[in-house]
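Mind looking over this structure? Questions follow.
We call the chains A, B, C, D and E, going by the order they appear; numbering starts again at 1 in every chain.
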Amino acid sequence: MFIDTVILSATTPFSYFPIVLQLIAALGFVGLTMFATHFLGPKRKTQDKLETFESGIERHGNARQPVAIKYFLVAILFVLFDVEVIFFYPYAINFRLLGWEGFVAMLMFVAFFMVGFLYILKKGALKWED
Amino acid sequence: MNALISTALSGVLMMFAGLFVKNKQSIKFVAIVALLICFAANLAELCTLQGGSRTLYGMITVTNFSVLFNAVAFGATLLYFMLSGSAFEKVGEHVSDYFALVFFILSGISLASSFSSLLMLFLAIEIISIPQYILAGSDKKSPKSSEASLKYFLMGSFSTGILLMGITLIYGATGSFLISELGIGDGAISPLALCGVILIAFALSFKVSAAPFHFWTPDVYDGSPSVFTSFMATVVKAGSFIAFIRLFHGAFTGTISKDWQLLLALVTAATLIIGNFTAVFQQSVKRMLAYSSIAQAGFMLLSVIAFSDFAVKGIILYAAAYSIATIGIFAVLIKMKDYTFDGFNGLAKKEPLVAAVTTICLLSLAGIPLTAGFFAKYYVLTAAVQEGNLFWLVIIAVICAAISVYYYFRVIMAMYFKSGEPGVEEMNGRFKFLLVVTAAIVILLGVFPGLLLQFA
Amino acid sequence: MQVDWFFILEKVLLITGVLIISLVVAMYSTWGERKVAGIMQDRLGPNRAGPLGLLQPLADGGKLFFKEEIIPGASNRFLFILGPSLAMTVACMTSAVIPWGDTLTIAGHTVSLQVADVNIGILYIFGVVSLGVYGIMLGGWSSNNKFSLLSSIRAASQIISYELAMGMALIALLMVTGSLSLKDIVEQQRQSGVWNVFVQPLGFIIFLICSFAETNRSPFDLAEAENELNGGYHLEYSSMKLGFFLFAEYINMFISSALMSTLYFGGYHIWGLDSLHVSPNIVTILGTLVLFIKTICFIFFFMWVRWTIPRFRYDQLMRLGWNYLIPIALLNMLITGGWILWHQH
Amino acid sequence: MPVQYYIFLSIALFCIGVMGVLMRRNAIIIFMCVELMLNAVNLLLVAFSKMWADAGRVDAAGAQIFVFFIMVVAAAEVAVGLAIIVMVYRNSQSVDVNIMNRLKN
Amino acid sequence: MLTVLLILIPLVTGLIAFGLKGSGPKTLGLISSLASLAVTIAALFQFRSAPESLSHSCNWIPQLGAGFSVGLDGMGMMLSLLTSISFVLIFIVINKREYDRANSFYALMLLSQAGLMGVFAAYDAMLFYFFWELALIPVYFLCSLWGGEKRIPVTFKFFVYTFAGSLLMLIGIIYIYLQTPDHSFSYASFTTAALPKETQSCLFWLFFVAFAIKMPIFPFHTWQPDTYEQSPTPVTMVLSGIMVKMGLFGVIRWLLPVLPQGAYVWSDVAIVLSIIGIVYASCIAIVQSDFKRLIAYSSIAHIGLMSAAIFANNEQSLQGVLVQFFNHGINIIGLWIIVEIIQDRLKVKSLNELGGIAAYAPRMATFLVIISFANIALPLTNGFIGEFLMFSGLYQYNPWFMAVAGLGVILGAVYTLNMVQKVIFGQPNQLTETTTDLRGNELLALGVIVAIILVLGVYPKPMLELVQSTTELVNKVY
């Protein structure tokens, strides 16, 4: 419970205002362009044009089939490891304050991180050559 | 704290055991040894505590009570491993992972028995819950199992959300997560805190499957692989109760206690009535046990409502009695081919010893004297009677206990008084010996509850 | 509240400038890419439109505007349009926290050449870049084409995999600088005169590799591997929607380059610049130029790599990301932490 | 901005989540509603943290740490939950919770 | 120590009997019951010389304040005597029977004996409750396993009734326990708890229902005729001869001294219920044609009288009740033995199918007549003195009650004599012609019973002396 105010200073909600401006600008640009191209381009729709393109041969079945579970696994692992990374941020901000004691604690955390990592490696969750 | 650390490490150990040990028999052996070590570590803590307590950054406070409860949970799990450990292999390929998950649940329980901050409460509840979702769905090929798992998961995470909202509201009212600093019951009660307490009560009722939040329980317990239902319905449920009682007796005392006491009394009454009455109509023993677990939760809730030494002792004894007896029954149930009541017909003729042990366990669940279940019920009822204004609830509880006899005895009747050819797997001598040990523990605790309570 | 109209005007101008520059740089990156490719492959590259083919990007852009817009019948129309729009929007948003230069003093007003100096700049970039994957995912999924779907899934899992290592490399950097604000990071490098790349060489390499992966650049461009996937997630796209996907990639490349310059190569700082005895405004403008030069160097590096190193296989890609980069990044982080603590005490 | 705004916002989000869980039938949407509930809680925690920090409590950042923990747990739930949903889909080709009443009998 | 032995002998032999085969359990049962009888007689002598030495007490669950304290006063002594004698008689009678799974049968019988002994000896509420249940469970299994064809629902009803009742009693015990100054379950603490009157009158019902179900008293009696009918006869003997006494015993030992004011408040109600039971049961018994059910209803009537007398609560009525404890037990067991014999020989239960047995089994007929006379309490039989005392006690309490209860006696004479007439006299039919007279073991058992009936009928003094101390004690506490 030590978030320190060493770094998190001088930012008010107003500091984010330019970002909103930029968002408006970006959205405006994108929207306008989309709108413009929609009217500028020719429109000669035919049945064949609207077909899904599968290298010129006839389409087979629905594209939205279940894909390899590996991708799913990667997504899940990302979620897990990413939130573990979240924990490094507060530590990185405060680590000078926490000193060696905090470092040892973080070492333990990293050790658990690595244990999980090793486990999924050994389990073959990231093996793609099967 | 030893318990927490050792179980977490054991969980990791089991994860890796699965990678390096290929023989399933030895995995079970490793798990039992690891659990024994956890048990020993926990007992060592009991000795060093000497009635005091140990605090870690205000987050965890280990007291005699927590260590004792851990011991009960570990003991019951040990029994469970030995009785039903072999059944893990039938569920799926990843035997060691199941053991690892059980260990993680145990570490959650150790945390639940010793938290002193709402943050740790939340973590404990989640560490207990999440592995359960996996265990419930561990039979990947069975639609029933996966649906049970989904249902459990959705309901469980929903209640987690409610729990968190409750905690947050309490934080908003008090500015702290530490139980020692909450002080909700001192003086006037802020509406924010009251809402928070009610939400937490609801969420925890969800976790312990108290009515009207029980509706997931029968489906989930029925759909999950029996071997895990056995664990989920016993040790885990007791663990959630420990969190419940610790929180409500530790944090929400004082003026606020009257408010939630009434609320929980109504919940308890509903739980008792619904659990018992519905159990009567079940045709499958497994489902009956699911409803019975709801009914038993009603009894355990009595000890949450009542503030006293009896309540605290009662919940430990109840946890032990209920867990051991149910684990014993499930160990037999897993060996059965037909889970209906009729499936038990004539078991006493075929396997007299097994039937006798099952009978003793059932008697314990029904709360018949000479079994541990009696003293468990005795303690919680005493606590409720002592509370004074809950006499109506006690009467309901007693009537429900009498009703419970009906469905427990249906099994006994099927085993002893009906004839049939029960489909039952081969049971080896070791298994039978362990069953006898189970029955012996039930009776021993039923005659000398002091064996356990002297530490409390 | 008193509205500071000058501030808003200043920001609007700055934003417009940054967006235009981003687009122009992106456009000319396409030209540059083809030129670089031409040179490396001993051919000329674009040379018809204008001198040295300098008008080629404009011609390409114009062409994209006037192309027919085809939305496949089997696709999900709303998401089909949302995909490229999102990709482009996100690409335009990243530049908001990059300090393009120090402050200018115009008519007594101090004008910062940074759109928004927020104290969580790195997190902001991290967050916005993560959103980029949605554009690709939506595009690929809504096309309802097997190649697109596969491509978008590949792209997604690639991007998220490398995000981990990138995050950890940034954490190590954060430990060194102690700040999440990009402006602070640059100022620190400027004051100490030591660029972070010298302190964090390993972190920089990780970040560099991850930048390649995050921008879907070769050798990590599996998402659009034309020989396997017919162009990948933008297979079904045409007209400016295709243009947005392509532009977004180049803008991302530009921003990544700028970011690497800022984080590891001192941003708008170059040794000796501060000791020039000229007016601060000139120093600032020179600094901005310096930053652009650094950025263009990185862009060239991106192109150089593209035409030098062959594409990875998918399993190699994932193995590099998970098995090597993540542990190395962790190690880097721990070494950094230990080293700093050692020096502190 | 006064803390009440945040409280109202997050309570509203929370209620939307709760209603979603209770009324929707698609498992994934229910799950997303649960996540919405969690995020409403996160928002509220941060708002309260600010509130107490303004009120002079030194340990008010604890609530922000709590948010981290909620995120982690939510991530773990995502991992498990999505896996379960995938498994259910494989077994029954549907993620509708209404057809899952086979368990009832 | 002898008291502990009384509990331990059947308990241990019961557990051993589970493991025996062949005729082992049978022999063991007989030996065990004889040993119990011997110990009881030894205890009786000790009781005369040094009654305190029968008390024994040690720690059991110190955390709760529950101790293992047992002892025998006059009432307990007499009931344990009844138990010992009854079990010996039962085992003698069934000596020639072959039961399926005999080991379990004998084991459960012995366990129920242990439970009964425990109930009568317990001086600690928790212990009392324990044995109360321990006596019930073996009986439940005995009935369900060896009973008639409707045994399962019937015995289950019996079990649920009694279990529900005892749970209510448990709450009462808990409540009083919490009120005791030293948080103890001991008899002494309970009797000195000094609860306020309102509390007592509430708690009264918790205990009363439990005891009333066990006795049984109207309207809690519905389990009883069915159970008696469906149980195997030896178990019916235990049930009707001894187990019903548990309820009465409970009232005298635990209800009256612990909740005297509560009992005082509700005594009219209790007596009215009892008397309704007497008349009601008697009327049904008159029209009853089933042999076993008839005796069952007669038992309700007799118990009703006893319970009325208990709640009348004066020295005479209590003395009468205590004497009647023993006598009623002996008489009704005698009746059941004869039922058992007839059923064994003829395989019928309906009175209408019987008749004229006197000609073929004169000894049995004689015994039946004597026991029946005792059952309707003719002078010179053991039943007389008890009923006389009870009636005079009841008269002291309220003459009207006595008058109505007296009606029960007349009705009792009607149905008993009617039964005797139908069984023994009248026309023999094809079936009854095959009746053979008593065998050795039956003769022995019935002989003992008839001897007791006659001896106590003529010389009831030892019996009265035995219970003297208890009645005095009860009144003092009151």
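In this section, contacts are C-beta pairs under 8 Å (C-beta built on N, C-alpha and C of every residue); 3 or more make two chains touch, one makes a residue touch a chain.
This is a predicted model, so every value here is computed, not measured.
K.L.:
If each hop has to land on a touching chain, what is the smallest number of hops from subunit B to subunit E?
P.N.:
Contact-graph shortest path, subunit B to subunit E, evaluates to 1.
K.L.:
Tell me which chains count as touching both subunit C and subunit E.
P.N.:
Shared contacts of subunit C and subunit E: no chain.
K.L.:
Name the chain whose C-alpha centroid is most distant from the C-alpha centroid of subunit B.
P.N.:
Here the answer is chain C, farthest from subunit B.
K.L.:
Kindly work out which chain lies most centrally, taking the average of its C-alpha atoms as its position.
P.N.:
B
K.L.:
Of the pairs A-C and A-D, which shows more C-beta pairs in contact?
P.N.:
Most C-beta pairs in contact, of the two: A-C.
K.L.:
Report the chain whose mean Cα position is at the greatest distance from that of subunit D.
P.N.:
It is E.
K.L.:
Report, in whole Å, the distance between the mean C-alpha point of subunit A and the mean C-alpha point of subunit D.
P.N.:
Whole-Å distance between the two chain centres: 19.
K.L.:
Centroid of subunit D to centroid of subunit E, CA atoms only: how many Å?
P.N.:
The computed centroid separation for subunit D versus subunit E comes out at 65 Å.
K.L.:
Determine the centre-to-centre distance between subunit C and subunit D, using the mean Cα coordinates as centres, and give it in whole Å.
P.N.:
It comes to 33 Å between the two C-alpha centres.
K.L.:
What whole-number Å value describes the gap between the mean CA coordinates of subunit A and subunit B?
P.N.:
Computed from C-alpha means, the inter-chain centre distance equals 39 Å.
K.L.:
Give me the residue numbers in subunit D that touch at least two other chains, ranges are fine.
P.N.:
Within subunit D, residues 59, 62, 65, 76, 83 contact more than one other chain.
K.L.:
Show me, using the given definition of touch, all chain pairs that touch one another.
P.N.:
A-B, A-C, A-D, B-D, B-E
K.L.:
Within the complex, which stretch of subunit D touches subunit B?
P.N.:
That would be residues 7, 14, 17-18, 21, 27, 30-31, 34, 37-38, 40-41, 44-45, 48, 51-52, 55, 57, 59-60, 62-63, 65-66, 69-70, 73, 76-77, 80-81, 83-85, 87-88, 91-92, 97, 100, 102-104 of subunit D.
K.L.:
Any idea which subunit A residues touch subunit D in the complex?
P.N.:
By the definition above, subunit A touches subunit D via 1-3, 13, 66, 69, 72, 75-76, 79-80, 82-84, 86-87, 90.
K.L.:
So in the complex, the part of subunit D that touches subunit A is made up of which residues?
P.N.:
Residue list for subunit D touching subunit A: 1, 59, 61-62, 64-65, 68, 71-72, 75-76, 78-79, 82-83, 86, 89-90.
K.L.:
List the residues on subunit C that touch subunit A in their complex, please.
P.N.:
My answer: residues 8, 11-12, 14-16, 18-19, 64-75, 81, 85, 88-89, 92-93, 95-97, 115-120, 123-124, 141, 143-150, 153-154, 156-157, 160-161, 163-164, 167-168, 171, 174-175, 178-181, 184, 230, 235-236, 239-241, 244, 314-315, 318-319, 322-323, 326-327, 330, 333-334, 337-338, 340-341, 344-345.
K.L.:
Taking the complex as given, what residues does subunit B use to touch subunit D?
P.N.:
These residues of subunit B touch subunit D: 119, 122-123, 126, 130, 133-134, 137, 140-144, 146-151, 153-154, 157-158, 160-162, 164-165, 167-168, 171-172, 175-177, 219, 222-223.
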